[in-house]
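Take this structure first; my questions come after.
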Amino acid sequence: METLIGLLVAAPLLGAGVLLTGGRRLNRYGHLLGTLLALVSFVLGLVLFANMLGKSADDRTLTSHLFTWVPVESFQAQVGFQLDQLSMTFVLLITGVGSLIHIYSIGYMEHDENRRKFFGFLNLFLAAMLLLVLADNYFLLYAGWEGVGLASYLLIGFWQHKPSAATAAKKAFLVNRVGDIGLSVAIMLMFTTFGSFAFADVLPAAKGADATQHATLTGIGFMLLLAACGKSAQVPLQSWLGDAMEGPTPVSALIHAATMVTAGVYLITRSGAIFNVAPDAQTAVVTVGTVTLLFGAIVGCAKDDIKKALAGSTMSQIGYMIMAAGLGPIGYVFAIMHLVTHGFFKAGLFLGAGSVMHGMNDEVDMRRYGGLRKYMPITFVTFGLGYLAIIGFPGLSGYFSKDKIIEAAFAKGGTEGWILGGCAMLGAAITAFYMTRVMLMTFFGEKRWERDAEGHEPHPHESPASMTIPMIVLAFGSVFAGALFSLNSRFVHWLEPVTGHSEGDSPLSTGAVTAGTLVVLLLGVALAWLMYGRRPVPAVAPRGSLLTRAARRDLLQDDFNHVVLVRGGEHLTRSLVYLDHSLVDGVVNGTAASVGGLSGRLRKLQNGYVRSYAVSMLGGTAVVVAATLLMRAV
Amino acid sequence: MNPANYLYLAALLFTIGAAGVLIRRNAIVVFMCVELMLNACNLAFVTFSRMHGNLDGQVIAFFTMVVAAAEVVVGLAIIVSIFRSRHSASVDDANLMKL
Amino acid sequence: MMSALSALSPATVSLAAETTRTSTGEAVQFWVLGTVAVLGALATVLMKKSVHSALSLAATMIVLAVFYLAQGAYFLGIVQIVVYTGAIMMLFLFVVMLVGITAADSLKETLKGQRWMAAGCGIGFGILLIAGIGNASLDTFAGSGQANSGGNVQGLARLVFTTYVWAFEITGALLITAAVGAMVLTHRERTEERRTQRELSQARVRDGVQVTPLPAPGTYARHNAVDIPALLPDGSSSELSVNSTLRARGQVRDVAADAMRRLAALDQSAGEWLGRKGLRDKGLESSESSAADRAEEGAK
Amino acid sequence: MADSSFPILTVTAVLPAVGAVATAAVPAARKAAAKYTALLFSLGTLVLALVTLVRFDPNGARYQFTENHVWVKNFGLHYDLGVDGIGAVMVALTALLIPFVMLAGWHDADPLEDRTGPNRRWRPTQGFFALILMVEAMVVLSFEATDVFLFYIFFEAMLIPMYFLIGGFGDRAHAAGEDEAARQRSYAAVKFLLYNLAGGLIMLAAVIGLYAATAKQLGTGTFALQDILNARASGKFDLATSTERWLFLGFFFAFAVKAPLWPLHTWLPNAMGESTAPVAVLITAVVDKVGTFAMLRFCLQLFPDASKWATPVILVLAVISIIYGALLAVGQRDIKRLIAYASVSHFGFIILGIFAMTSQGQSGATLYMVNHGISTAALMLVAGFLISRRGSRLIADFGGVQKVAPLLAGTFLVGGLATLSLPGLAPFVSEFLVLVGTFSRYPALGIVATLGIVLAALYVLVLYQRTMTGPVKAGVEGMSDLKARELVVVAPLIALLLFLGVYPKPVADIVNPSVQHTLSDVNKTDPKPALEAKK
């Protein structure tokens, strides 16, 4: 069984290798190979899952050690895998959704001459993501962490001829790098504190750490949080996610909705043992999560670009997860649960959006949509189900997972609990608002599309089966997953051995929370309907309130980055280049120049007149004679 | 009289000769000054030989003369050929070493 | 000079041998001739014309020769006179002639500060030398008596052909080389074919300045010296007939005017003798008439 | 195997020298023959170096394959060769890179026209390859020399062929026109020479000083590293503190110039910018390594106390180099100069690792030397192909290359990713080791240095974005993709980067024992983890 874990990673890695080095001769069936290998690893995942279910809850953890990566004295980095329930969950999510999106891409990327490369990148991503969740130590996890970053860079910038895409890719990678500093520093701290960075050593040690270590652990916690912020697009490192939508839609669905962006949640959950003993770090996590959840939601309300709106929503949903993870043992499970359900419905929504764009000549402006439900019914239905799921319509998966998080937030207790809960509920309301807005602007109302730049009328049509089937599957997921998980809290028991779980004492009863959530939800929907459903949507965006305009610009966060970091950086580098030339180099050249000048003066003595040479000869002789006389005198 | 006076005389002549070499521009005169210096040396040699009462000093002076003769022959030849090419006997005009 | 001769006599030599001081005669001689030598040296340096420098150098050398003799270096003394003053200085004079006797170079210094530095170095050097001699321990004074006991020349010969024979041979080689070198340096190869008379005449005709041969000097004149230009039929003198060198040096003795005067005088006396008045004045006016008269006279 | 009678080290070093002579002797008309001769000799050297590496016994004596001959008895001058793990690896790296350099520069030195008449013997091609081989010989010898003066000789001698390589062979097409190009070339060459000579002379003074010190204390002066170390071990030889410090500074200055450490780095951008890409690789990947290597071998071993005394300053300078180099790389408009400044930053990491004086740091630094050699070679050579195609070094002249030459762009990206030390590629391992090693003793410096990885990502990605992505710029449309020869150059390097990135253990195992020796020389031990320290 252990060897299967290795294969799990190896299969897509092999695919990536073959597809990227294979050359054009693979163009014809490259995409099939990629999809096949994704499915292979999914099947392997299922096999392992079955095997795992066969065992008792306590010894479900599989480990397999492959080889020693970096052996330097006490620094022994191993390449080893650890498959426990948490990893298992992710493996299934990644390979499952991943396979679906591979299938979807076959249709979506049909007309792209680089389709083979695209599938190569997708496989690369799968491999890296699996490495991330299967690693048995932080160092290897770091490798996967950077690997997914690379894959996302390559995929966002897949259409490199578009400058916007290239820029977005670069931005994503850079912002992630900032996060990576956190992870690497965290690893160094672990190494210097525990002398190791393997889960097996660090986490128990963290549990057993005494007060003197807590400062260090808090430090590690903050660093891990920084890493999570980078990868999961949490404030203040969220700015890349919106631009990342430049990538092909399947990428947005897989990487920037379902899997990669949730790596931060995985990291925090995995490091729960550390956070549990570092309350300050936890508070920070919760704060970040809460802020992001509102931030993303607000941004999502203002975007007219359907993908960007969804991106905002992703941001805020992950905010939920991070917040839950920050709540400690009462939240981990629900964070992961929401992560999984979100994986389903958000992927579904993105695929739906992709399908819409596919039918609308890649038009992304929702103000150019409208009334599409007649033209693409399947998309409409699946998208609609996803919509209901995400706003937490009772009975659908979002309802279960999100409500649990809100409950947990209240269960934090004290004013803290109230604030968090309140924010969470507010977030739910806003979610309802902007998702309804997307829904209405896209599928309802009268058609607002017109001939595009090339001047041909878009003919909205339903997408091919290869695209619709995955959407349908995901729709199923987003409808039933929640119920499936929370039926006699199966999911909780499933994850408990890894993350631990404790029921907080909620000031509100479950019923109350649910009711409240439903109320705010209805409010949100109603408001959206008043604004976009009842009266026609203007084809060009109205100027809108100050908040709206700010939200359109990601609440000015980008502008801040641009002014402070980009501009400042440019000035810094330019002045440094100047200094390097004038100062550092100038000093050296100055010395050279002065020496040259001096010798130039001395050269004047060489006037070529034999008599003046004779004078110096005589002078020299005189000096010598004088010297000898003095010597004898002494 | 102390025979050392001869030496003083030699030193004086030598110095005058040296000064002449430095001051005069006419190559021939410069040459003469060189000869003067040589002679001064010879005088010193002879005086020393007398002081020490052996002839070695005189032998050296003799060799000096011979060498001086050779040197004069070649030197004057050079001057003549330079004069032919440059129509001047001034040492300052032979300044090909000048940068 | 007398004292110098006396210095030659073995008696004084032997006398000089025991004392560390020289005879008074030698002292006098030293002071007198020493002054001459120094003056000669200074003159060598300071004379404008190189001929004068050469001559004054010669003087100094002779004085040195005398000093050699006075110090018992008879051979050297003679050689000094024969070789140096006789041969080398003559060589100098020849070269001076070759280069141009009149080429007097100005003593004005052209190199900035050269003169001062020269003076400084020279004087400093001299002072150093003299100081050196001054505090050298020169108390030994053997005198040349012992050395010259077997005869100065023999003594030298013995040394030259025994101890210094190697140096002697080398010097010989040096001399040969020097002689050859001098020859090579001064010998000038004829680079272009010598021009034949034909070519010369053709050249003359081509640039047509003076087709005929140049007139010989002294023609139509009462003299036949080379420095007297020929007289043209009109009595004026022809520059061409005199060597260009003489012309360059302005050493042409022009007799044209003198000749005229004499002719006039001749005419007058002849007129008086013939008693012709009217003609006389005119005769003095124009040279033609006088020439005509002379023709008549010749006819007579 | 230390007693193996066959003088493999000498042969490894002499072979390329012989090759240089042979290549130079090839008649002017037979350019191809010259190239193949040179390539053949370099490959032979590679084989020997690999044999050395394989037969090196990590757990054996510290220096192996040693050859000891007295050279000049009166001056205690020895012809001592020997390699420890680090030396063996460095020799292997050098021998490995040279063939690639040659292949990459295959046509760089071809004369534009075959001259006839008086200068028909003009043979730039022969010269180019002969000089490269000469450099190889010198570098290998200075990696092998265990006699201080012997090392010094080759350390300086390698400047001469380098000087001619930089000044004599520039890019075919130059934005500023032929004459200006020549002017800048000679400027760069002279600058390179002067900087390194200055360093070298100061070192010479220190070398002589060391000799004098040994002569004073041991009676007979010696340059032999082993003698000195033994003498110090037996307590017979002990430098006065101030003397040791001065000597250390003398040595370190030379090495700091060679492995450019801020603020002595300014010769590198000129040299790398003006010379052809292969020569630039030669400079940064091979020649400069001698400097960092010598810090490990000579500074730390000969002057342990002084090294520890100077450590704080050096570490700060190193960190400055890292950040400063990266920032300047971001600000460059010229591809080659950008890579040069990136190298400055990387050398900062290497020096940081060396002077952190932890086994992670020093093993990391050694691995870094190897990996940086390979990664920079890959990046620079591909950049060279790019430049030769476009005839310009300015980033602004490129754009959208990936559209017309995807393979070129791909390899360039891989090289770039290696440069920004992406996990899975070799430099990541070494960089992380250096960082950990530094962090475990100087946390603050470690964190500041970590900022370097963001800046690295910045300059690499900006470079890639501006040159490769976006719409196809004018002048780029006709660009051809990598040719077979160029692929042969790049592919193995990339393969190597991947291999060493995933499985650096073989190299690490060879290096580690030597690093332990060095650490014991400076008697430092790794700091214990906080938890264990308490227990």
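Order of writing sets the labels: A, B, C and D. Residues in every chain begin at 1.
FYI, a residue touches a chain if its C-beta (ideal position, glycine included) is under 8 Å from a C-beta of that chain, and two chains touch if they have at least 3 such contacts.
No experiment lies behind these values; they were computed from the predicted model shown.
Which chain would you call central, comparing Cα centres to the global Cα centre?
D
When the C-alpha atoms of subunit A and subunit C are each averaged to a single point, how far apart are the two points in Å?
Comparing mean C-alpha positions, subunit C is 109 Å from subunit A.
When the C-alpha atoms of subunit A and subunit D are each averaged to a single point, how far apart are the two points in Å?
Spacing between the chain centres: roughly 37 Å.
Averaging over Cα atoms per chain, report the distance between subunit B and subunit D in Å.
Centre separation, subunit B to subunit D: 63 Å.
Roughly how far is subunit A from subunit B, centre to centre by C-alpha average, rounded to an integer in Å?
So the centre of subunit A lies 97 Å away from the centre of subunit B.
Mind pulling the residue numbers of subunit B that touch at least two other chains?
Within subunit B, residues 18, 22-23, 25, 92 contact more than one other chain.
Indicate the residues of subunit A shared as contacts by at least two other chains.
607, 609, 611, 615, 618, in rising order.
Indicate the residues of subunit C shared as contacts by at least two other chains.
Residues 111, 114, 117-118, 121-122, 125, 129 of subunit C touch two or more partner chains.
What's the complete list of touching chain pairs for this entry?
Contacting pairs: A-B, A-C, A-D, B-C.
Quick one: in the complex, what on subunit C touches subunit A?
Residues 111, 114, 117-118, 121-122, 124-125, 128-129, 131-132, 135.
Can you list the residues on subunit A that touch subunit C in the complex?
Touch residues, subunit A against subunit C: 607, 609, 611-612, 615, 618-619, 621-622, 625-626, 629, 633.
In their shared complex, at which residues does subunit C touch subunit B?
Listed in rising order, the residues are 17, 20-22, 24, 26-27, 30, 34, 37-38, 41-42, 44-45, 50, 53-54, 57, 60-61, 64, 67-68, 71-73, 75-76, 79-80, 83-84, 87-88, 91-92, 95-96, 98-99, 103, 105, 107, 109-111, 114-115, 117-119, 121-123, 125-126, 129-130, 133, 138, 140-147, 152, 155-156, 159-160, 163-164, 167-168, 171, 174-175, 177-179, 181-183, 185-186, 188.
In the complex, go through subunit A and note every residue touching subunit D.
Residue positions touching the partner: 20, 67-75, 139, 142-143, 146-147, 150, 153, 157, 160-163, 165-167, 169-170, 173-174, 177-178, 180-181, 184-185, 187-189, 191-196, 205, 209, 212-213, 216, 569, 572-574, 576-577, 580, 584-585, 588, 592.
Quick one: in the complex, what on subunit B touches subunit C?
1-9, 11-20, 22-26, 28-29, 31-33, 35-36, 39, 42-43, 46-47, 49-56, 58-59, 61-63, 65-74, 76-81, 83-84, 89-90, 92
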